[in-house]
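Letters A, B, C and D name the chains as they come in the text, with residue numbers starting at 1 for each one.
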Amino acid sequence: MLDVRTCGSLAEAAGLLSADRQAHLIGGGTLVMRAVNEGRLTEGTLVRVTDPAFRQMNLGGPRIELGAGVTMAMVLARGELAFLHPAARSIGGPAVRTMASLGGNLFAGPPYGDFTVALLALDAQVVLQAGYGGGRAVALEDFLAARARGGQGLVAAIQFARPQSPGDFRFRKISRVRPKGIAVMTLAAHLPRAGGRIAQARIAYGAMAPTPIRARGVERALEGKPLDAVSLQAAAQAALEGCRPATDAIASEWYRREVLPVHLARLLAGDGR
Amino acid sequence: MLELRKDLFADERDDTLNVVGKSVQRQDMPGHVTARTRFFDDHAFDGLLHLKVVRSPHPHARIRSIDVSAAARAPGVKRVLRAADVPVNKNTLLSLINFGKDDEPALAVDKVCYVGEPVVAVIAESEAAALAARNLVRIEYEPLTPVFDVEEALKPGAPVVNPTYPNNYFEYHERFDHQKLRFGDVEAAFARADIVIEHRYQMSPIEHAPTETNGSIAAPEHNDRYVVHTCAQGLFFSLGTTAKIVNLESNRLHFIGGTVGGGFGGKVDSLTEPLAVLGAMLTGRPVRFVLDREEEMLYGSPRGAERIYIKDGLMRDGRIVARYVRSYFDAGAYTRLSSYAAIKCTAHIPGPYWIPNVASDIHVAYTNRCPSTAMRGFGITAVDFALEVQMDRLAEAAGLDPMEFRILNAYRDGDVKPHRRVAKNTALIECVQVAAEKANWPLSDQARRQSSLVGGGTGARAEIPATVLDQRGQIGRPESRGAPATGTLPAGAMRIPLTKEPVMEGTRDGRAAPVQVPRYAPAPAPGPAGPPPAAAASRPAAPPASSAPPFYPPAPSPAPVAPPPVAPPAAPPTQHGAMRFSSVFGTRRR
Amino acid sequence: MAKLPVQLRLNGADRATFVDPAEPLLTTLRRGLGDFAPKYGCGQGTCGVCTVLVDGEPQLACLTLAVACDGRHVETASGLADGPDMHPLQTAFMAHFAAQCGFCTPGMLTAARALLAHNPHPTREEVVEAISGNICRCTGYEPIILAILAAAAAPGARRA
Amino acid sequence: MARHEGRGMASVNYPIGMNLGGDPSQALIHSNPDGKFTVALSAIDLGQGMKQVSRQIAAETLGVPVEDVYVDTADSDTGPHDMGSFASRGTHRMGNAVIAAAREARGVLLEAAAEELEVNAADLVTDGRGNIHVRGAPTRSITVKATAQAAQFKQGRTIAGRGIFLLPLSAVDAETGEMNPNTAFAHACLVADVAVDDETGEVTVLRMTSAYELGRVINPRMVEQQLVGGAWMGMSHALYETPEPYYPDPAHGPRDFNEYLMPGPGDIAPYHVTVLERPAPDGPFGGKGPGEMCANPVLPAIANAVYNAVGVRVDELPITPEKILRGIKANGGVRPQPRRGGAVTWRPRDVAVPA
């Protein structure tokens, strides 16, 4: 039978998780409780965190830090995070957004994890806490690459730099169901510009690989270029680099590969479709 | 967004009713909006137990062994059910109306035929305990080759899906591997047609996906009976099915339902009631068996897939002169309702059109997937898709507007349909005209002048044509599928007596009918057995006189292609009016 | 495993019960406290028929740990009417024939109530967004959308 | 050019009730001492409105106000046998059984009233507002309530009725398919307007316009419920739904409402229905039953509209963006077909349903 442990501090929760392989952190419950309800998780301990730090938002400086327990609804309630509202609103309906946490989203399997795609395009770092020690920050991309292995510790917070210009950040979830649907794919782009040319572009995809991934080919194609027809063409041509999309109930691998360049081009061109 | 057009068919209707025809509030609406409506699961029981089933992970496998010892010892577990615990562990849904052979176990016996087939049931104090114990059941399987394609399944040598039907098809009339429809001579008409168009259509399965999943709660009642709260779409259907499987007299079951959270056909199958009642019998406690959403989506029996081939013979003026439909219902591993869907589909062909030569062969094939069942539009939805896309193609080939093409070929009052009965009360033409007008889709004056009341039932439209017969597709003889025609049934021949008028009892105040009530013709006097005179039965009354002659002249009668009439084959034995389908649909084995 | 005590306010009344440690709030409400307004539709967070308000915010009772609701205020569709007086959302749902089987209705009403509490004059798009987590298989959604828009225009719609 | 509009249509009919007959329905009606009626059925209300349809038919036949009738579904101890709610049989089969039961109960009611008024029962009529009076002489009247009390406490009569409706079972001929199927058919024609994105294959249903002939409409708002909800389901069947997305390969079955695709509230298309009434000779007050057929014309109409828009025939359901995109590529690009008609003149929500 499952037990529940409520931890008043992140350190206590991290200690429990590192000491017991059958302990699972439960955030909003959208992943863990489903596993419980469906009988896939029947033994072990669910670890709850009530530490206020877990749901803290530091929005003051250029570097934003969001506790892993921050929910999508909390993001949507803050005007300072307006550039992230399309990503937060793409998660579930309002009830799910009250519950679903940023930390949980990092663990959602494909084609879920839409918010993580946005974080990836923001070059986010994940603050991990292993055992009772202090936290360490790792790049989100590295965290995702190691996700399948597990055991990285408790995700305490997520950090990223605020985009210089909110208009440089774009997010698009391609879904067949409106307004709330599961992703055919998810695209996010951070396109900082210096003197009309793109510098340090970050493009990320969801549902195009077992975890959200960076589109490095596209980033290279855009680097130092103005956002024009030529660079869009080059970006579309590089769109599929590194993609390993799956066939699932939503779409086939063929279809995902076929339409990714189309949706990427529309995203980069600012096409509202 | 609804508009009532009272001007059409106004002389067939009076509008003097008091409450019929009024938008009165639904009786159940206050309960719905206050959340006081009680669905089957909204009933409290002390000591409620929860049942979960272990399902097959294989589409086709022999069961080598089942070990439930760890599950039986698990915390909170009250009872584990296996196939041997089910009193009558073989049933077919339509056995209650004697339709088809028992072919499906409640819990699998020695092999599983689809992913999700129930093998073991665990009953425990809580859902969590039942789920935990379910993970402890150990079943060893020996995988067998599965078959998933309907046409592959019908090939000789295909893996046998359902041992009751070892050729992988439902057996019709103890004679054929499909249901036939024969009306006229389609081959001769194809040879004469200006254009012949043939296409293949496919509908994938569709899940009913009601927001309330299938389930029931069964509890011992004080008087040695069992009360069952259920979402069944047919209360007595489910009661009868359950009584048979758990081997109880039907009056020891008290089924309560009637308020269901969506069904669409997906709650006809009694998926949970038999095991819930059995659980209550064996534990003496209330037992709740509710499918979870994944079970509902994948194992709650869908609308089955259909593959449909349509071949049409078309004249350049837009008249369809022949239609042949060959289709395959994918029943999945067991029969459930697919056998009936094929009959309903047969009666529906060729759609709402008058075509002088029509034939169809409708097959029900078994494959290693979840058994399919009825759904909204049962037996019709897929073939309507195929027919209407085909009609779009035909209109294009004939160079006609699709609306005009429908009106040209529409059936009308008095036309004989291929199942050899006269069409009445038709209104397709009017629907096309009204939809076109509202959609701002221009129609010709000629098309706008057409009427369902006029032009049907004349000439060839009123005749049952001479019909070519065959013995193709005999059970167990796949080589007979390509056999030549065996003879011709003379024009006008009928073999099935007309059904009696509707039976109504309790109308003791015949004099004081309050308002307009259904009009019933007096029941026909009992006559001698055997086919009635064809001409009398098939020729409808003359259509109402009309000042406007029909624009579209009746199609020319098909050239006589029949060889000299031969004696029609003897009609199969039938038992009209008796509640037995067995003479038609095969012997029921219990 | 020992049961845990949970005390909460349910539709304004203080209630207490014992729960299994990992028990979802939905089970507690239905089987423990006898409030059958929230329904089981999926246990996955994909249908919305168990939508409740926890401290005024919409949540899915099937994915909420009951123990996490200790000391909090839970509201269900059972508490929407003020005694015999229906909430404007309820009368609007009736007037618009916005229910057929009625199984999604309690969750829809709760989702709509959460919307109107924050946004008394929503646009059609905001209504659509507010019910986007609630599946209806019967109505085609249109009458539900119209009912919520009509309720928003009615006096007293923000009544909690 | 990435977006192409197209228009398609389809027309269908639909058989009402179990195809071969042999599917009885029964109803029982009784009055309490106040002249209020209860109808006991074992029919199922799964949202289609069985309770209310039976209630209106019972009230109409009894000649009493609809508020004076409640319908109870379904308890096998009190509700007599019924085959169930499927095959669009509820209104037609159970409606007729309710009429039969209500006529019998009405017969007793009028006999009891006749005894009180000292007239012949054949001379009595009801006013639908709870009164019974002599035909042509409204002042010589008695209330249904007073009649029921007299019947119960004075005359010793049970104001009750039982009804059954049965179309006898038909045989089917093995060689020709000859049979006596349903007697009642409903009809429809539907026009769908769509837009197709030629780079992604995505379809947007812009609007639908239809005409349905359903026999007598028992309750217009409830018919609207069925037809509007059914059109949504038809759109869903046409473009989205299946538990086997790669049929006959059974892999990748959807496990939840996220993976099982259906149009969301943001995908619904404006829809206009016109309803015609050609009463069925054997239907209750001519009613047929719209429950099942209302999705059917949508599927081919959308398929034909997609063809009209981009020249791709998708002959396999559901019509996914992938299938359309493959078709466009196989054709070497879009091939829009001739436009049909002009813009519709109705606007969303401009037509009120009659009260």
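FYI, contacts are C-beta pairs under 8 Å (C-beta built on N, C-alpha and C of every residue); 3 or more make two chains touch, one makes a residue touch a chain.
Computed from a predicted structure; not experimentally measured.
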Most distant chain from subunit B, judged by the mean position of its C-alpha atoms: A
Distance between the centres, which are taken as Cα means, of subunit D and subunit A, whole angstrom: 46
Distance between chain centroids, defined by C-alpha means - subunit A, subunit C (Å): 29
Distance between the centres, which are taken as Cα means, of subunit C and subunit B, whole angstrom: 37
Junction residues of subunit A, two or more chains touched: 1-2, 36-38, 179-180
Shared interface positions of subunit D, touching two or more other chains: 46-47, 49, 221-222, 224, 228, 230, 233, 245, 253-260, 262, 264-266, 271, 349
Sites on subunit C at which at least two other chains make contact: 20, 22, 42-44, 46-47, 97, 100-103, 125, 128-129, 131-132, 135, 137-138, 142
Touch-based graph of the chains, sorted into line, ring, star, complete or other: complete
Complex contacts: residues of subunit B adjacent to subunit C: 1, 25-26, 28-35, 37-39, 41-42, 44, 48, 126-128, 209-213, 259-264, 290, 292-294
Subunit C - residues contacting subunit D, complex: 42, 44, 46-47, 97, 100-103, 125, 127-129, 131-132, 135, 137-146
Residues of subunit B that touch subunit A when the two form their complex: 52, 75, 128-129, 131-132, 134-135, 292, 294
Subunit A-facing residues of subunit D, complex: 2, 197, 199-202, 240, 245-246, 251-255, 258-267, 320-322, 325
Residue ranges of subunit C touching subunit A (in the complex, touch as defined): 1, 4, 20-22, 24, 43-45, 48, 51, 54, 57-60, 62-65, 67-68, 111, 114-115, 125, 128-134
